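What follows are several structures.
Two complexes follow with subunit A in common, the first pairing it with subunit B and the second with subunit C.
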Partner chain A sequence: MFCEKAMELIRELHRAPEGQLPAFNEDGLRQVLEEMKALYEQNQSDVNEAKSGGRSDLIPTIKFRHCSLLRNRRCTVAYLYDRLLRIRALRWEYGSVLPNALRFHMAAEEMEWFNNYKRSLATYMRSLGGDEGLDITQDMKPPKSLYIEVRCLKDYGEFEVDDGTSVLLKKNSQPG
Partner chain B sequence: MTEEVDFLGQDSDGGSEEVVLTPAELIERLEQAWMNEKFAPELLESKPEIVECVMEQLEHMEENLRRAKREDLKVSIHQMEMERIRYVLSSYLRCRLMKIEKFFPHVLEKEKTRPEGEPSSLSPEELAFAREFMANTESYLKNVALKHMPPNLQKVDLFRAVPKPDLDSYVFLRVRERQENILVEPDTDEQR
Partner chain C sequence: MSEAYFRVESGALGPEENFLSLDDILMSHEKLPVRTETAMPRLGAFFLERSAGAETDNAVPQGFALLPRLECSGVIWLTAALTSQAPEILPPQPPMWLVLQGSKLELPLWLAKGLFDNKRRILSVELPKIYQEGWRTVFSADPNVVDLHKMGPHFYGFGSQLLHFDSPENADISQSLLQTFIGRFRRIMDSSQNAYNEDTSALVARLDEMERGLFQTGQKGLNDFQCWEKGQASQITASNLVQNYKKRKFTDMED
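Right, the complex of A and B next:
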C-alpha cells in the first residue's frame, strides 16, 4: 500500500524516546521521494487521459494518488521537523560541541541547520547587554547553595565555607 | 544597595516616562514578568527595559563584589543573590525563546501585522532570532526533501502546518489588587 515507507519513518521516531536521535534514515527518505515521483508521473498521464480521452472514470484514482502524495509529504516533513526539534534540544543539553556518536546520526544538512541555530543563539545571547551578554544556556536550575541560619552554642573559632570564605563562630552569635 | 534605577516605564495615561525604581522593585517586576511568561500559553509583550536594567544591576553587583573584602560574609550573600537573579532572568528569557521557536510562523505573522502603537511581543534581537530560525528551517526542509518532490507539492505553508498556541488552555491567576466588574465568560459547552 502507498505511504508504508513514510509511516515507517514516523514509527522510527515514535519508538525513540525523547532526547534520543536515531540515525538519519537516508534510504527511507529516498524511497518515499521515489514513490512520490512515481505517483506524480502516473497521475500526470492519467490527468491527460481524463482530459483529452474523456476518461472521467480515472478521476477517483487520481484523487487517491493525490491524497497519498499529500500524506507522504506530511509524514516526511513531520519526520524531518521532529528530528530538528531533537537536534535543537542537543544544543541545550550538550552545548556547542556535540559528542561524536550523535554527530554520526545526523545528515550533513542537519549539521548545517545546527550550526546556523548555534550561531543565531549566540548572537542573541551576546546582544543581551554588558560585555559578553548573558549565557542563558547556563543557570538551568535554581541556585542550590542553601542558606542556613546558624546560631553558635559555643566558641568554635574559624570555619571555612565551601566557597573559601571563613566565618568566625563565637558563642551566641548568628553569623548567618 | 540604596541607589535607584532609572526605569523607562509607562505611566497611567500611556506615555513613556522615566520611572524611578528601587532595585527591589525592579526585581519584583522581573519576577512578575517571569511568572506571567511561564504561565501564559502565548508569547507576552516584550520587556526590554526590565532586561536591560536587570543586566545593569548584575554588572553593578559584580563590580561591588570585586572591590569588597574576600572574608566579608556579605560577599557570599550577594553572590547568592546574584545567582538567584541571574537564574530568574535566564529562565525568563529561555521561556520566551522556547515559545518563539515553537510558534515561529505565528509569532512572525503577528509582528508583521501589528498595528502601529501596539507594543511588540518581540525585542529587536528576538525578532532577528525568529527570522533566522524561520529562514534556517525553511531552507533546510527545501534542500533535504521539498525540492525533490513533485513541482506542485514543493511549497509547505508553515503558518498552517505549525500549531498555534492554545489560548483556551487553563491558566492560574492571582489577583493583586481588588478590581470591580471583571467578567469571566462562563464555560459554554463548545469550550469544554
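Right, the complex of A and C next:
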C-alpha cells in the first residue's frame, strides 16, 4: 500500500506530547519523495500509453496512483507545517536562544525560518511603544493587582488621581 | 501543554476535512469496505509493501481481503489476507497482484474518496458495520455502553465523512451520529468536570478521539479554575514546554 512512510511521519508528530518537537526525519521525508517520484513516472508512461495505445483501461490505475501522490503531498505538507507551528511556539515559550538539544532536532531550513521569524517579531516589537519598543513576549498575562510601581522622572508637584486622592510627584520618588 | 502551539484543528465533523490537520489525516487513514467495479491493471507494488512497518495508535485491526482464486486471461491469482497486526503471516509475494472487477477490498478512506464518483465507475462503497442498521439500533438503545474507541477511534469524524458516498442510508447515519453523541455527552461533561488530580484512564478508555478532545478541554478548564482558586494564577511558573525539555535533557545526559 502506498503512503505508508508518509503516515509514519504523521504518527511520529502526533505521538509527541503536545507541542514538543521531535527530530527532523530527513530519511523518512526522502523516502516519501522517492515514492512520489516513482508513482509519477509510472503514471507518465501509463498516460502516454493510454493516449497513444488506446488503453483506456489504465485510467483507473492512473487515478489510483494520482490519489496516492496527492496523499503523499498532503502528508508531507502537513508534517512540515505542523513542525513550523511547534517551532514558532518555541520562540514564544523559550525565547530567542534555543538550547542545543532542540537545535539538533531542526533541519537547516527550519532554523532559517526560525531566524526569520525572530527577526520579523523583533522588528515588530521595536515599532511599538515609542523609542524603545515593547517586548510583547513578556508579561503575557494581565497584571493581578490594580497598582503598579511607578518612578517619577521629573518634578511635577501635586497630581490628583481619578479617585480623588492627590499624590506628590517628585523626581525619583516612587509613590505607590 | 504548550500554550503557544496552535495545531490545525480537525474539520472532519464539517463538510470537508482540513488539509493540514494531523487528526484528519489519521482519521482518513482508517479503512472501509469497497467493491471494485472495474479492473485496475499494473498495480504491482500495491499489495507488495504491506503495512508491516506502520504501527497504528488505534486498536482496530484492519485487513486487506482479496477474492479467493480467480482466473483471468490464464493467470491465477491467489488469496491473501493481510493484516497490519500480524506482519509475519505472509512472506513477500511476487508483484503480480491485480485488482479485479468485483473484488471486495478494504481501502483507506482517502483512497476511497479519491476513486469514488457518482457513476460508480471504479468503486462502490459499502458501509462499515458500525454505521449500519444493526449497530444503529444498539446506539439508539443505550449509547453509553458502547466502546467507541474500539469501534474505530474516529467514530464521529469518519462517520461524518462517510456521508460523501451518497448512501441511501445517509439520513439515518447522520441522525444516529447525532443522537449517539447527545446520549454520551452528559457523562463526558460530568466526568471531565469532576475528576481532579486523579487517574482518568478508566474514564476515557471507551471514548473516541473527538470525545477525548472534549474531555481534555474540560479537564483543562477544571485545572485552570482550581489553579485560580488557589491563587496560583498570578504566580510566574516556568512554562510546561521548558520544564519538559529540561527533564528530557537530563535523561539524555544519562544515556
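A few notes on this one:
Keep this in mind: the second predicted complex is superposed on the first by the 142 of 176 C-alpha atoms of A that agree within 3 Å, B and C clash if a C-alpha of one lies under 4 Å from a C-alpha of the other, contacts with A are read in each partner's own complex, and residues count from 1 in each chain.
The rule we apply is simple: a residue touches a chain if its C-beta (ideal position, glycine included) is under 8 Å from a C-beta of that chain, and two chains touch if they have at least 3 such contacts.
Source: prediction; values computed, not measured.
In the superposed pair of complexes, A:T123 makes contact with subunit B only, with no contact to subunit C. Of the two partner chains placed by the overlay, only subunit C lies in contact with A:A89; subunit B stays clear of it.
By the document's definition of touching, neither partner reaches A:F104: not subunit B, not subunit C.
Contact with both subunit B and subunit C is seen for A:Y81 once the two complexes are overlaid on the shared chain.
Subunit A uses residues 70, 77, 81, 88, 141 to touch subunit B in one structure and subunit C in the other. Residues 29, 33, 36-37, 40, 69-70, 73, 76-77, 80-81, 84, 88, 107, 109-110, 112-113, 116-117, 120-121, 123-124, 127-130, 134, 136, 138-143, 145, 147, 161, 163-167, 175-176 of subunit A are the ones touching subunit B in the complex.
Those residues of subunit A that touch subunit C in the complex are listed here as 1-2, 4, 7-8, 10-11, 13-15, 17-20, 42, 46, 57-58, 60-61, 63-64, 66-68, 70-71, 74-75, 77-78, 81-82, 85-86, 88-94, 99, 101-102, 141, 144.
Looking at the complex, you find that subunit B touches subunit A at residues 51-52, 55-56, 58-59, 70-73, 75-77, 79-80, 83-84, 86-87, 89-91, 93-94, 97, 101, 125-126, 128-129, 132-133, 136-137, 140-141, 143-146, 148-150, 153, 156, 161. The residues of subunit C lying in touch with subunit A in their complex are 1-8, 19-23, 25-26, 29, 38-43, 45-47, 49-51, 53-55, 57, 64, 108, 110-111, 114-115, 121-122, 233-234, 239, 241-242, 244-245, 248-249, 252.
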